[in-house]
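In the two complexes that follow, chain A is the common piece, with chain B as its partner first and chain C second.
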Partner chain A sequence: MSAPAAPATPSSIDDLPPAIEVRGVRRVYKAKPNPVTALDGVDLDVAPGELFGLLGPNGAGKTTLIKILTTLLLPTDGTARVFGFDVARQTTEIRRIMNIVSGGEQSGYGLLQVREQLWMFSQFYGIPVREGWRRVDELIDAVGLQEQRHQKISSLSTGQRQKLNLARGLMNDPWILFLDEPTLGLDVSAARVVRDLVRGWQAAVPGRTILLTSHYMAEVDELCDRLAIVDHGRILALGTPTELKQRVSAGSIFRLVLDALEGGVEPIAALPGVERAVLAADDATAPDGQTVAVNLQLTDDAVLGSVITALAAQDAHIVALQKSEPTLEDVFVELVGRGFGDAPEGDR
Partner chain B sequence: MTATLRIPEPFHPTSSPMEAARWTRRRKLATDLRAVTGRAYPRVIGLIREPSWLLFEILLPFLTTSAFVFVYRALQAPPEYVGFAVLGGAMTAFWLNVIWMMAAQLYWEKDQGNLDIYFTAPVSLMSVLFGMAIGGLFSSCLRAAVVLGVGTVLYDVVFTVEQWGLLIGVFLLTLGALYGLGMVLASLFLLFGREAWHLTQAMQEPVYFVSGLNFPVGRLGMLGFLAIALIPLAVGLDAIRQLAFAGSAAHVGTPSPEVEALILVAMVVVSLALARAMIHRLEWLARSEGRLTVRGG
Partner chain C sequence: MTQLAGSQARPQRDARGTWQERLLTWRTAVRLGWAVESNWADPVLFLIYSIAKPIASVLMLVVMLQVISNGAASTADLGFVIVGSALWAFVMGGIAGLAWSILDDRERYRMLRYLAILPGSLSVILLGRGTARLLIAGMGSVITLVVACLITGVPIDIGRIDWIMLLVCMAIGLVAVIALGTLMAAVCMQTRQDSWSYPEAVAGALFLLVGAVFPIVVLPQVVQWVGLLMPLTWWIEGIRRAVLPDAASGIGGVGSVWTDVTGTLAPDQGVILVVSMATTAMATLVAFGGYRWSERRARERGLLDRTTGS
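Take a look at the complex of A and B:
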């Protein structure tokens, strides 16, 4: 592969090309009986130094876009560039400046210890031997795996495993870090560590960019400077979390936690004055798994009375009731007409 | 547990991604070499950490070698036949490592999710394959050395070597040809999955037979010649036997060690070129079809 035209070293991040520039990208997978379109004409710009989120249900095309940007997949149509480097032709250059961490990643070798595994990966990024060991120790401290330093990989918990994966992802000081569902399956505390570390790492050097995919709305809302809502391979909306939430029409938004809802949300959604009633996808709303959380959008507060009456008729008891601000899930529902939990397909 | 959240300083600070993407040839080469070390590392550690291989990879195969030794002694075969069996037992270590560990490695890496990381790392994929080969060589050498050492002492094998340089050269070329074949098989296994696995399983015993693992391959006539032309184990083992038991009347019907060394050179060149072409083809397939690097895909 020919060397890319080397731009002059910029004096500030304003001089850098877009961290991500995607134009008309389509990706079609061969499948039987019909091909599957995972991405369908995606356009996207991410500025250097941004923490950008891709929010969408399983099967929306988030992982496919990440695979294209990390040079693991070719787009069927369209172009994509990472810091000016073309993903189809300049894979070597892109691989030198990026890293990727995926949720549930099981990479490495179970018989190695935490320290050994990280050192092994350091060699794939060309870090000199001693420097590699020093850096491994620093990263182990940074992600909070000091006590597991000499523990075999096979005996790590999910949270410890993901911290290890993140340490690997930071090993080569990437300019751009792709995080594909990085807190998938983590408990609240481990997810917090991952988020704090990601934010701290990015803030340490101007220009470091993160593309995060998640279907945890609260995570995207908390972390991202801007985000795109993706569904069925298309970007439906793009903006800051605040901008997107302002799209939700005026009205009263309530979050109801019920002990059960055997009749489903449809009877509630059909009530006069109920603009929308969907099951909440955010795990945090029903952490015990014993309750059902429903997001309601009403024309005004007075409609709540008829909702409570309808629930009583279904023998559903209210465990908690909260009036809330619009969330990104409300935005998604407004755009798509269904909640995250209703998305039928597997991850693509 | 709470993380201390001390973010490490960049180890190689650059002022822009474009600068970070510009590598000198020296840095590129150094990174490829480090990747070889990195990939070989788990195999070496595994050898130390999981001593069960002593039983499964040395003691059990040694029993097969011993069986042939006892048969040759019972038949009052020339004494070098015992040495042939011991040498064959030693070389089995490399062959088994190539067709099982090496060949299945990329397939297994895909299953573990490592292949994505190797594909996106800034290294040549050939360095990953070399790392696998060197890691495998390390463990197989140990096993082969134990079989050779114990077999030699236990069964009083006397070697008559006249050309040490050529013997060492042939041995190294044999390893090169074997592991070059392993690299090719690794790509084939990744492409064809279980079908390739079954094919290897089906071919294991026939290859043992036509390679003359426990007897001189020359005894097989034309079949032996064919094996020498195509199978690194057959040609390498025959050349090593000729050089380790110089002047033995048992060497009949096969080319001289010098000719066999040339065959091995050709095998090394062809297998490495093929491995390189195949791994690049694999990467292209992975990127265009999107299935090879996807777990379970």
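Take a look at the complex of A and C:
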């Protein structure tokens, strides 16, 4: 099979092969004491034009899957195809039509200027010289590095490096872009810029596909058409954010903010009528560490009374109480059996 | 904000891996290497690393030779040592330059993964990245040779230089050095961060085997065999013959493996050329296979984008 010759147009999208087609992929790392099974039989289909999310705790296998799809790593078992091209054998074809941007990196040729490094990549991608410079400047504008265009890369901040990395990732105008925690370490407004840019880029041409991993549930919820929840190298659930949230059994969901919780969540979780009580991960209410947020799922609103009594007995005071709709985090907790907040730190 | 609508960056997408494409990739990598290594172009650093260092080691060898021979070393003996060790700067720079581009891009700049996912082949990119160091080392070698000859009074007679032999040998030697560098890069792709010193250590060990500063007849028989299989041995000998027709032969001599096997005291020019081409071809094949194996294994083990700590 030869590389698809023409860019995807609305009429041709239906003829394209699946953007991602993963069948029974396993990946075992030969690690020191014991081998690590990072992926344990993954099947996944992503259609052209989708913005697909992978959500999972540290060590779930998200990055491993992305490395396999981007031809950096071979699967131990199983097959994976990107736009019909096999990741093990048709690497050149895949490399022409994909790119990857990872977050939280310190990559870059420190001595080069922002513009120079991007230009090098335009040349590696075979863009004619004049057009290459034009493309470089266009991307610099798009990611908002205008003021840094002549700055040495060694002097860029983390967020600026990340924007530079994103500009490099868009250089070949890929059909599919892999984003591994693209907003890691960015401040709120920089993260917003990245998200808007990525979404705008994808929407501009039908068929552009994105596979995104993130720890931020809200980000995945906001951006993704569909997502898969992964843990221990397996896909536990797959669907649109709405579908997944509907899966969480009915009942009442509350978010409690407490001044302290000396006894932990276990005594509360043990109360009759409490289906689940976990520490919240995206703890936006407690940036100072002074408060503790707990997500509760109760069979009925009335159970709240006994929870409050139990808390009072623990000498924990309620700072805020909010009844809420299920979030992806609730879905995650239900599937994985633990909250993001108490997920054990995985090796990176 | 720009829409980044499609179509602008697509022109070359369907071109298959052509030679033209490889050439463009290589050229870009040379530029990248030059730009990244541009502190090498800083005159002071260039003087220290590429000229002062090799000249110093050549002169050190010359002094040692004079001491050992009680000052009786002939200019032919001195020329032997000077040519061999001046060329060594090039070998060192070539082998280390190629191998270090893997380590630099992986450990220091953390860009190896982004180079690895380019459609152009990684080996071509690494070759380009190493070219700057190779060029600089080449210049260093020539300057070292000239300066050392002037200082020690070894006469190089321009009129007696065999230019054709010199050019052919240089071309073969370039291929041989690149092959060895590629092999070293393949090793460094597999090893950990502390392998920075491997290329120079390996080059240093080779130095003793290939008759750079003494004829290989002084080596034990088994080691002589190894030396005779090395393309560098023949390359150095060829250059020496071309530049200094009166210098002693580094290969052969009474009691040497070469003389035992062939019955000749020393190989003539034709033999040197043929054997150096054959050994270089062999080294190139080994390097090619070794590199392919290494890149494949790196993909199996996920070595391309790891950093081993810094």
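Here is the rule we use: the second predicted complex is superposed on the first by the 326 of 348 C-alpha atoms of A that agree within 3 Å, B and C clash if a C-alpha of one lies under 4 Å from a C-alpha of the other, contacts with A are read in each partner's own complex, and residues count from 1 in each chain.
Basically, contacts are C-beta pairs under 8 Å (C-beta built on N, C-alpha and C of every residue); 3 or more make two chains touch, one makes a residue touch a chain.
Bear in mind the structure is a predicted one, so any value in this text is a computation, not a measurement.
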item	value
Combined model on chain A where chain B meets chain C, clash or fit	clash
Touched partner set for A:242, first chain B, second chain C, both or neither	neither
Which superposed partner A:100 touches (first chain B, second chain C, both, neither)	both
Chain B versus chain C as contact partner of A:176, first or second or both or neither	first
Partner chain(s) touched by A:290 [first = chain B, second = chain C, both, neither]	neither
Contacts of A:16 with chain B and chain C, given as first, second, both or neither	first
Which of chain B and chain C A:85 touches, first, second, both or neither	first
Partner touching more residues of chain A, whether chain B or chain C	B
First, second, both or neither for A:34, with chain B first and chain C second	neither
Touching both chain B and chain C, residues of chain A	3-4, 7, 29-30, 67, 70-74, 92, 95-100, 105-109, 111-112, 116, 120-128, 131, 135, 138-139, 141-142, 168, 170, 172-173, 196-197, 200-201, 204-205
Complex contact set, residues of chain A against chain B	3-4, 6-7, 9-10, 15-16, 19, 27, 29-30, 48, 64, 67, 70-74, 83-85, 92-100, 102, 105-109, 111-112, 116, 119-129, 131, 135, 138-139, 141-144, 147, 163, 168, 170, 172-173, 175-176, 189, 193, 196-197, 200-201, 204-205, 207
Chain A - residues contacting chain C, complex	2-5, 7, 29-30, 67, 70-74, 92, 95-100, 105-112, 116, 120-128, 131, 134-135, 138-139, 141-142, 168, 170-173, 196-197, 200-201, 204-205, 208
Contacting residues of chain C [partner chain A, same complex]	1-17, 21, 24-25, 27-29, 31-32, 35-36, 38-39, 109-111, 113-120, 125, 299-302, 304-305
Residue numbers on chain B that touch chain A, as the complex places them	1-8, 10-23, 27, 30-31, 34-35, 37-39, 41-42, 45-46, 49-50, 112-114, 116-123, 286-290, 293
